[in-house]
Amino acid sequence: MKYIEDRVEDIQITYIGGGSRGWAWQLMSDLAREPQLAGTVTLYDIDYEAALQNEKIGNRLKDREDVKGKWQYRADKSLESALKGADFVVISILPGTFDEMASDVHAPEKYGIYQSVGDTVGPGGLIRGLRTVPMYVEFAKAIEKNCPEAFVINYTNPMSLCVKTLYEVFPGIKAFGCCHEVFNAQNLLAAALKDIEGIEGATREEIKINVKGINHFTWIDEASYKGLDLMPIYKQFVDKYYENGFEEGKTGNWMNDFFESANRVKFDLFKRYGIIAAAGDRHLAEFMSGNWYIENPETVMDWKFSLTPVSWRKEDLKERLAKSKRLVKGEEVFEVKDSGEEGVRQIKALVGLEELVTNVNLPNEGQIFNLPRGSIVETNAIFRRGQVLPIVAGKLPSAIQGIATRHITNAHLILEAALEKDKKKAFVAFANDPLVNISLEDTEELFEEMLKNTAAYLPGWKL
Amino acid sequence: MKYIEDRVEDIQITYIGGGSRGWAWQLMSDLAREPQLAGTVTLYDIDYEAALQNEKIGNRLKDREDVKGKWQYRADKSLESALKGADFVVISILPGTFDEMASDVHAPEKYGIYQSVGDTVGPGGLIRGLRTVPMYVEFAKAIEKNCPEAFVINYTNPMSLCVKTLYEVFPGIKAFGCCHEVFNAQNLLAAALKDIEGIEGATREEIKINVKGINHFTWIDEASYKGLDLMPIYKQFVDKYYENGFEEGKTGNWMNDFFESANRVKFDLFKRYGIIAAAGDRHLAEFMSGNWYIENPETVMDWKFSLTPVSWRKEDLKERLAKSKRLVKGEEVFEVKDSGEEGVRQIKALVGLEELVTNVNLPNEGQIFNLPRGSIVETNAIFRRGQVLPIVAGKLPSAIQGIATRHITNAHLILEAALEKDKKKAFVAFANDPLVNISLEDTEELFEEMLKNTAAYLPGWKL
Amino acid sequence: MKYIEDRVEDIQITYIGGGSRGWAWQLMSDLAREPQLAGTVTLYDIDYEAALQNEKIGNRLKDREDVKGKWQYRADKSLESALKGADFVVISILPGTFDEMASDVHAPEKYGIYQSVGDTVGPGGLIRGLRTVPMYVEFAKAIEKNCPEAFVINYTNPMSLCVKTLYEVFPGIKAFGCCHEVFNAQNLLAAALKDIEGIEGATREEIKINVKGINHFTWIDEASYKGLDLMPIYKQFVDKYYENGFEEGKTGNWMNDFFESANRVKFDLFKRYGIIAAAGDRHLAEFMSGNWYIENPETVMDWKFSLTPVSWRKEDLKERLAKSKRLVKGEEVFEVKDSGEEGVRQIKALVGLEELVTNVNLPNEGQIFNLPRGSIVETNAIFRRGQVLPIVAGKLPSAIQGIATRHITNAHLILEAALEKDKKKAFVAFANDPLVNISLEDTEELFEEMLKNTAAYLPGWKL
Amino acid sequence: MKYIEDRVEDIQITYIGGGSRGWAWQLMSDLAREPQLAGTVTLYDIDYEAALQNEKIGNRLKDREDVKGKWQYRADKSLESALKGADFVVISILPGTFDEMASDVHAPEKYGIYQSVGDTVGPGGLIRGLRTVPMYVEFAKAIEKNCPEAFVINYTNPMSLCVKTLYEVFPGIKAFGCCHEVFNAQNLLAAALKDIEGIEGATREEIKINVKGINHFTWIDEASYKGLDLMPIYKQFVDKYYENGFEEGKTGNWMNDFFESANRVKFDLFKRYGIIAAAGDRHLAEFMSGNWYIENPETVMDWKFSLTPVSWRKEDLKERLAKSKRLVKGEEVFEVKDSGEEGVRQIKALVGLEELVTNVNLPNEGQIFNLPRGSIVETNAIFRRGQVLPIVAGKLPSAIQGIATRHITNAHLILEAALEKDKKKAFVAFANDPLVNISLEDTEELFEEMLKNTAAYLPGWKL
């Protein structure tokens, strides 16, 4: 890297999962908009062809006049050589394919267990975790060997487990995990500000919050806008919309979009615990007892959110593949726009161009002192040249601490099970998930089936 | 106290709840059998007449030839004067009456929530906790004032909350909580030893165990008899009896006794977690997700334990009252026999007559280092002259740590709610109990009803 | 307070020690320069006349054209009424008089114990602590009663003990301690940047550092300027100036100023521990073994710093009293200039006008996780509307952790001794200070003498 | 192992350092006296001839009529094969020779640094630590490979560092460290009991104590004999003998024995801290500031203990070598007598023959919760079949916590330095020892010299 006046050049970014048609394009777009950074992005993907397509798409950009950030893209077949000399590593992969994900999400349904996402906790999240760990073991080892000083930004779920695996294998790694769920909570606060106080135009960045929790189960106990305390405003907002929910999604109606909701789960949790749940309803619901929000499709409909079917994801992927072809061929022009993600701002801060406070997932060194030391927690952190330092977020309220601890300990068991290829340990965690509220016999059956469906990603296991 | 050769005389024991027809008689019996101790037992009870009756029953004993321990019994109307100068304080009370307990246990049933005991966790345990805390606040203050150096032995449930309250109010108190549930687990191990290995005659004391957990949710990860490791033996035992259960109760059949079980819950938990659950099935079931063992009366019957109805307790009390009258009048002779409790052995150790290792409930100072510091945990401890020192029991397995933490944090919330008379806080804990798997609206309704039923014991609350 | 557009009005600041002719004037000056804030400053001082003088001096300011911040000043005879309704409380007092301080600093000299400042650790610091605690107990109680929500900014030494006492008495207090020693370290880094790299003009705020430690014994393990790592630059700087020291003080020569030094202690510590000591040499020397830097006046001279005599402080005070008179009478014009302190910027951040990252003293909740939880530590923190959240600074290096822990535990003993008026406990801490490297008998003699000299400030003690 | 009725046979003990003419003979003697145990002792030593001699000496025993414990002795040239299948491993070695020890103890004297033992802390202890770690790394690896389930008993100094290294290299090891220093404190308490109360005949085992601290810096805050509290008795005892000391050694006069003392340091520490120091004066003195007890030989003489010269150890070794020859040749009969050590009783407890409570060195899991987790601490523990469980000893008093932490953190630095062969790190620890109260330049000189003297035991270091 070269720091020249107010620009940094020759930055080496390696993107693991660089064939992606979602996150990778967002990064390209954000880099293209940023005049203070320049360098090379190396794209690594087990689907090398996909990486090659993105190389082409990316390299088209730097000649465009509207593009301020000039980057070279390069696909690489080897993880090791892709990482050599990297300053930053971005990891954003799909662990397995949507076929495995279909098993994660839908196999439990015949036992009456429903999951809205199935990628974090619940039977689906845990099995996904089992097959993700070995991939992250490989990444961590390759990073330790090829670019031990690089900052590593993870976007993959299950977030906590991915980041935990990286630190477990290479304790000196400079990794952190990023997730935009909390951004939505800031936007909802801005909506409340407008709805209750009539104050318009507050940006997400102006909504200052104190975040604490674990990824997808995060909480806000302080929120302000300039001199205004937003907590009492949010309370009024919840009271107003508790029954019917509040929607502000792009489609205007949660029923039209598998990713939208009417925030009713969030409001119910506010009434129960008195603090603001900061993740989307689809994620939050999976952390609580199965009967509350997700007992069956009717309950879910009452709470006004969706059980995202994996079939939809498969369809959506087809569309993105088609779009990729058009982009490669030049039949469609790549749209450069703000992705809403913060990766590029984080990079700017880490090279010394600015200072940034935002929420990230990091090992708990004290930022939430009633969660286990070393577990991956999500809080604010400050980004500066060469450092990401978490900000002390204070204790989680007791009731939430109890629920979070159960999910944390389960995740740690999954990690151990994956590292030791220990089926018994994996079963203990699986059977202990709050959504798995079925008999021991049924649990064993379901576990066997799901494990079999993901067996291709469990090398060395005795199944 | 006077230590004379191998005897200690002039011991002052104060018994809070001294009118009891259960635990008080057991203590009398054990003291009568013990030749190395002598002194006075002061009986305090809000039912003074009951204490007076026990005074009479107790004072009859010392003239009997078969009685080796000579004690003076004395009822006292005042808690303060009863405690003055005490060396030991025993607390064993019923918080409220069986009417409140009937509400605790049975009110939730119309919402489909069943409880086998209802005195520890679950909606019943939490509401019982709310009304118990103010009583223990009073005890703690009176002990600090009148006998700050006394050892305080608690037998009342909810155990953890009672002991926690004592320490919260008077941090210098020397209190610990005793519970015989773990003894039954030792006896079950002895039964396994006989059944699997054919070794007979092992006493409970010879079954050495490492205990860890919270009261009524305790676990054993090491067990031995002389040179023999009992863990693999217990595994065989579980495999043999998993389907049909194993019974060894007095009645020979769990269906004849509300306190017996066929240990099927214990065996199921062993299969799930790989370590031995050390409390009775009726207690264990209440700590787990509601659907597993206690979804409805049929599930309970399948698992071969009972939902103890409070009506039975009321009947049983009538019988004990009648017996008390006969004992006072001399129509029946008080039977002196080993109660199986350890209070007297603990007293002997604490005055310097012997050394004892047994399980007790104490604030966590490090004995289980993956449970919160200061929470009340149950582990082995060593009793010596003037000291009860907990033994480091090691970590709880991750999966169990998660469940235990949730109950601990809930109990802490109940304590705070009771101390601050904060209905909102009490509700958070109530709604957060794993058995309360119902809608927010129903939860509020049930909470209001149960609180109303126990309102006489919530002085100063705004209900 | 009223937040109106980008200004906040009606702020109530209470200044305890408001008769001061040093810190109070600096605050006045900084407030006068700040256009976005306005309100009232209430001056409380046990020397009411002094507060009245400052009232007059302060009220002159608001009519001056060059003054942008308009404040009302008001002296108050009563601590309670002064605090009523305060939004901010500033505490900056001299605990006792310079006579007691003369004993603190100079009484130990006849036993061969020298102290350069004598207000933090060492025999002087500990005895000063003993007499400061009762004052802070009173402040904490009055704040809890009159303005529990106020932010409390402490400038008094011994810093850690003052802040600790506030939290001990009123755990809900929003107090933090500020000290400018670290600013000097930032300036030294800027000097190194200029000296080694030839880069001029870096401001203190642009030197980004990670601070960790306890007040006056703080350390920097990361430092950067824009994209530049300052750690290797500082290493070169130390190598260059290790022998002769480096000076940049106002007077240009440490021998002309009791507060200057040639940074030789700092450089020696860098060579020993490999990280940057962030406090002044006069403070650092007192924390280390007595023989290293402060064995006798000759050693001190070799290391090129000074033993500040209290007689100088007395002289200096006379000058400041004279100046005060001139200012009151209007014979001298109050100079409005940047004090270099950050109090006003912190207030701006806390009312929501900006965001600030700076170093403060706060109870350890996890920000330095190898120092005791609850001890007062100095790290960076982020200031936002209504919140001061410490930033996780990471572990102290082992060797420094050991030394810091000894001073922390000693301070805690002094706090306990002061609260319990327990002479024995105070002695244990006193005799355990690393500078008190004398026989038990001499220690007792010195302790008795110093205690006697400060007895007027130890009400209720049995001396 | 075979547990047959009340005996255990076929026990495999491996003795690392099995050529020793001190500890090895004591073990032989204790095993010979114990009728309930039998098996094989494998002797491994880098001096194979010495091991062979002990094999001969040991094998003579089992035919003697007065010998109740029948053991086979066998010297083995290979560490690996010696460990194969071991049930117990005893490690008692001299790290290096007395030549290195002479440098440890005496090299610092020319800088005015005196050490009474030089094997635990101080410059000598730290350098000894540096050369010991690599040996223990080898032991730990060989144990993990050949007998991972064996219990490992360490007797070598520096105790904490030896045990810490074992756990660092093989975290699953079942190792603990034993030291008899605390036994002497129990004997001193028995002497006080006799001297003050006139009660004779109390055995060491009857003196019940609560021990806490780190090896050679241990403290007793509770002590009793039957029903009697020994703490006030010890206070009287100290008051009586403070000035002149109290001696009960074999020789009757500390001046005749380099290992005796008049307990004056212990008494001084009692007056300073109010609790009983439990190690010998020679050890305790080295932990405190250098000026207190050990500034120079005269100070030491005043305090009535000795600076044990290594020349004496060399002479003593010659005598023991001569004795060994006589024993091998049968010119002298091996005396079977109680060694006073507890190794054999510990083995009995660990195989299930009895239960034992005694003090040992173990990783801190919570037994002393104000010392760092994972540091090696000395407290009581309970020994049972297959388990050594530490007993919670409570907090160390603040003042002692501070001093202990400094030594702990220094030891951890030495461990890191030794593992990483990092001279700079070793220097930081060396310079930070409280006895090294000299200038940085002298410290560097001394460090270089001492490192050179021990260089043969620092393979792979760049010196």
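Here the chain labels run A, B, C and D in written order, and each chain numbers its own residues starting at 1.
The working rule: contacts are C-beta pairs under 8 Å (C-beta built on N, C-alpha and C of every residue); 3 or more make two chains touch, one makes a residue touch a chain.
These numbers were taken from a predicted model, which means no experiment stands behind them.
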Those chains which touch subunit D and also touch subunit B: none
Identity of the chain that, by mean CA position, is farthest from subunit A: D
Gap in Å, rounded to a whole number, between the CA centres of subunit D and subunit C: 45
Centroid distance [mean C-alpha coordinates] between subunit C and subunit B, Å: 53
Pairwise chain contacts under the document criterion: A-B, A-C, B-D, C-D
Subunit D - residues contacting subunit C, complex: 268, 271-274, 289-292, 370, 372, 397-399, 401-403, 405-410, 412-413, 416, 424, 428-429, 431-432, 434, 437-440
In the complex, subunit B residues that touch subunit D: 1, 3, 8, 208, 210, 222, 224, 226-229, 351-353, 355, 357, 365-369, 373, 380, 382, 384-387, 389-394
